[in-house]
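So, here come the structures, one by one.
Both complexes below contain chain A, partnered by chain B and then by chain C.
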Partner chain A sequence: MPDLEIETLSVCYGHVEALRGVTLRVKDRQVVSLVGANGAGKTTLMKTIAGLIPPLSGKIRYNGMNIDSLRADEIIRNGISYVPEGRAILNKMTVLENLLMGAYIRQDREVMADLENILEKFPILGTRKDQLAGTLSGGEQQLLAIGRALMSKPKFILFDEPSLGLAPIVIEHIFEIIKDINESGVTIMLVEQNVHKALSISDYAYVMETGKIAMEGNSKELLYEKRVMDAYLGKKAK
Partner chain B sequence: MLSYLNSYYIQIGSFTLINIMLALGVYVPLSTGQLSLGGAGFMGLGAYLSAIAVTRFGLPIPFAIVIAGGVSTLAGILVGVPSLRLKGVYLAIATLGFGEVIRVIFIKWETITGGATGISAIPLISAGTVRFLTEQNIIDSSNKNVASDLTVFLILFLITGFFVWFFVALKNTRIWRANSAIRLDETASESIGINIHYYKVLAFSQSAFISAIAGALYAHTVSYISPSDFTYHRAVEALIFTVLGGSGHVLGAVFGATVLTIIPEALRFLKDYRYVAFGAILVIMMAFKPEGIITDNIFRKIRKK
Partner chain C sequence: MHLFIEQLINGITLGSIYSLTALGLTLIFGVLDILNMAHGAVFMFGAFTAVLIVSKLGLPLWVGFLGGCIVSGLLGYALEMFALRPLRRRKNTSPLAPLISTIGVSIILENIARALFGSDTISFRTSISDINFKLGEIDINLINLVILAVSFTITILLYFWLKNSKSGRALRAVSENPDTAAFLGVNTSKVITFTVVSASCAGGAAGVLVAMAFNSVNNEIGLAMGLKGLAIIILGGMGSVNGAVAGGILLGLAETFVVAYGDSGYKEIIGFIIIMAVLLIKPQGIFGTTQKVKV
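What follows is the complex of A and B.
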């Protein structure tokens, strides 16, 4: 079963413990969201899965294989792609070059066909394909980051705050795309500040608080759970 | 025919070629976003290794130069693996420190390096050719020196030409694309699946190799080396060549090294004031063209026409 299983994962930045024994599971083809206040450790958890930060202890298993000691480039070769927070596009390269860079790990001949598919799926990128990526608007850059991640043909995508700094109508569009990607058979883990949106498109959710999982459950149920809002926004002063 | 050539001009040409190699040594790590000032250290390492191999152990010069390049590349990997965890100015300081350590070793390890007085009477790379030409009675004692300088220049020209060709040809390969991605955004590059540490160490060791070859050739061009030839001043000089010429393009390093080797010579008529004028030229160029003279835009424009 190509699930992602994380067991008692701990991560430190120097002496600061950012994750303290996180245990969670993302089932195949699900959308799982990770919500929580700033500094709860959501991004750290994603970066650790993506191989960008080495874990201190604990296990990360994907597809039954231990991936916690792999480098970032080996993780992506195993089908896990990370769309970083703040998009992190290559701003001095063109849109087309950015997308081709997404296929960096691939050597097969279908890269060009996949490129066509993505340009078709995101027509705005097609019309701007020779433009430098840095000249795109925020929403277009997010689409580019997503398109670039898709170019590696991942089975699992980690989205780190895809709605960051975007207009509501654009956010709507981005979430539609994430849903589409999931329906095409890709498992998704989503970090979001936009709790309502995240819970409305996900199957299962984890609420993080100061480096630990505070709560978990079906997204639809959590949506009506008062404690989620408390954990996320902080308890109201009485 | 040889008597019409002027040794002085040929030598400036030779130093220009050596400087181009040193500038490439800065350009290559810079193309991955790493600022290395270890060039002088690796240049010194290459120069001393080759000079010692030839003068003490009697190895043939080409063989000695290859050994110097190989050993320095290994040294580059050893220094690169830990120090490339550093970024920006911290890496610059660490590599500068490496250069100073190397220089102090040259001064202190007198039994091998000759200490502060250095190594003299290093055979020139032209030695074999000149001997051959004399035996064949093609040259005689009247034009022997010019023939020697010209041979040195041609050998340097071939080697430098190879390096420049290599890095021009590298453009649009996987390695080059990985390097530019790393320079633009390390996190993005890692999440695309580029092993950024590998490419950084690769660039760093290439830089060590070129700088060491430049150093070895320098030793066999001037025939005398001492620790004061490899101070941090030389590393900064190489950085100036690259940045002024245009650090975004290989030919920027070539152009910068050429112009900035020739300008101080062309300014000799100013006597004591020539470095004042040179400094002023540097300031003016940086103020008006901070991205360097040769940029990708220039090539884009040329292609459009």
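What follows is the complex of A and C.
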């Protein structure tokens, strides 16, 4: 089954235990969101799945295969792409070069055609294609990070706070794009501070508190659950 | 006037070798964020290898050149495997550890060179050493033209490879942000090894060219060249390819003209005078950029 399954995952930074036995599942072709207060461990979880941090213990399985000991460059070759918090644009490269780096793992002949598609889908990137990516605005950089992730033709995308620091109208656009990507058959795991928006486009959701899953459920139901807001604001759930 | 043009050619020739040396250093600095203090010693081994192959074995110059590049490349590989990679594997090492490690390697290589090649200056005469011709009023040494052609060719190939090829882009990505490069699918460890090896090959090539330019080699050129290389990349902007090329040419011209029109006693310090002047005006170097901090 092409789901992402995480089992009792623990991660440490030195002596700080950032994840303490996280268990969750992202079902194939769903959008699953992960919400929680600052410092709850959401980014740590994303980075661990992406292969940037080695887990202390626990399992990560994708497509039934253990991927918890793979390096980051092997993770993306298994179809999992990452749009990190802060976007991680390559500032000293042009927009076009960033997109080509997105297709780094591909050898096929359709890369150029896909590049054209992305530039058409995100016309603003088209008009800026020879500009250094570091000169783009925050919203444009977010589009570039998404376009770059799409260039690898992923089956699964990890989004870490894609709406961070963007104007409401741009946020609206970004969420539309995420919905579209999912409808094209890509499974999505979404970390968001924008709880209401995240729950409204996701199928299932997990709430994280200080390195643990505090609550989970169908997004539609969690929308009306007061404890979600409490966890988001960092209050102790009663 | 023709004297000026001759000096100009000499200066650019010397500068093109400096550029090649500094390019290697700047690439390594880019992907690893360290100053490779062993670069000069690697450069010197390239020079000695070529001299041995050509003078002792009597093989053609191009064989010597290739041999020098290969030996330097192998030394680069050893440097990465034994002195740099083990330090990256460990957590909580001091950021200065790799720098100290390269200093250690440079001392070891200097000692091996002394044991193998002695401390005397070895002369290096090649089949093209004494060929001169006149272009109007201007005296031209064939060897200068060969050096210019070789070093510019290598530099230009490197430049376009970095700019336009997939693997060149991967190298630049690792330079800018290793984590980002990694999650985009780049095997950063491979890229780093490849960079250290090719930078060392380029250093070895520069070593052979210097031996050709001065018709000799001794075991002091390593240290001298290592320091000049550092000076150039600080001058040009750390990690900048354009900076390494421009800085090298600038230093070559400055040294040549100081000797020709000024006091040859200043040859070795002119570079450092220029550096101080440039850094007073632009602390990050000619092509250097300050890292933008985005929140």
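One rule holds in what follows: the second predicted complex is superposed on the first by the 235 of 238 C-alpha atoms of A that agree within 3 Å, B and C clash if a C-alpha of one lies under 4 Å from a C-alpha of the other, contacts with A are read in each partner's own complex, and residues count from 1 in each chain.
In the analysis below, contacts are C-beta pairs under 8 Å (C-beta built on N, C-alpha and C of every residue); 3 or more make two chains touch, one makes a residue touch a chain.
Just so it is clear, the structure is predicted and the values come from calculations on it, not from any experiment.
Would chain B and chain C fit next to each other on chain A once aligned, or clash?
On the superposed model, which is not a single observed complex, chain B and chain C clash.
I'd like to know which partner A:91 touches here: chain B for first, chain C for second, both or neither.
Touch status of A:91: both partners.
Who does A:205 touch here: chain B (first), chain C (second), both, or neither?
Touch status of A:205: no partner.
In the superposed arrangement, which partner chain does A:82 touch: chain B (first), chain C (second), both, or neither?
Both chain B and chain C are touched by A:82.
Mind working out whether A:150 is in touch with chain B, chain C, both or neither, as first, second, both or neither?
So A:150 meets neither chain B nor chain C here.
After the superposition on A, what does A:40 contact: first (chain B), second (chain C), both or neither?
A:40: touches no partner chain.
Considering each complex separately, which residues of chain A are in contact with chain B in the first and with chain C in the second?
50-52, 71-73, 76-77, 82, 84, 88, 90-93, 97, 101-102, 104-105, 148, 152
Quick check: in the complex, which residue numbers of chain B touch chain A?
Residues of chain B touching chain A: 174, 177-178, 180-181, 184-185, 187-195.
Applying the document's contact rule, which stretches of chain C touch chain A when the two form their complex?
Result: residues 166, 169-170, 172-173, 176-177, 179-188, 289, 292, 294-295 of chain C touch chain A.
What residues on chain A touch chain B, complex-wise?
Residue list for chain A touching chain B: 50-52, 71-73, 76-77, 81-84, 88-93, 97, 101-102, 104-105, 148-149, 152.
Touching chain C in the complex: which residues of chain A?
On the chain A side, the touching residues are 50-52, 71-73, 75-77, 82, 84, 86, 88, 90-93, 97, 100-102, 104-105, 134, 148, 152, 165.
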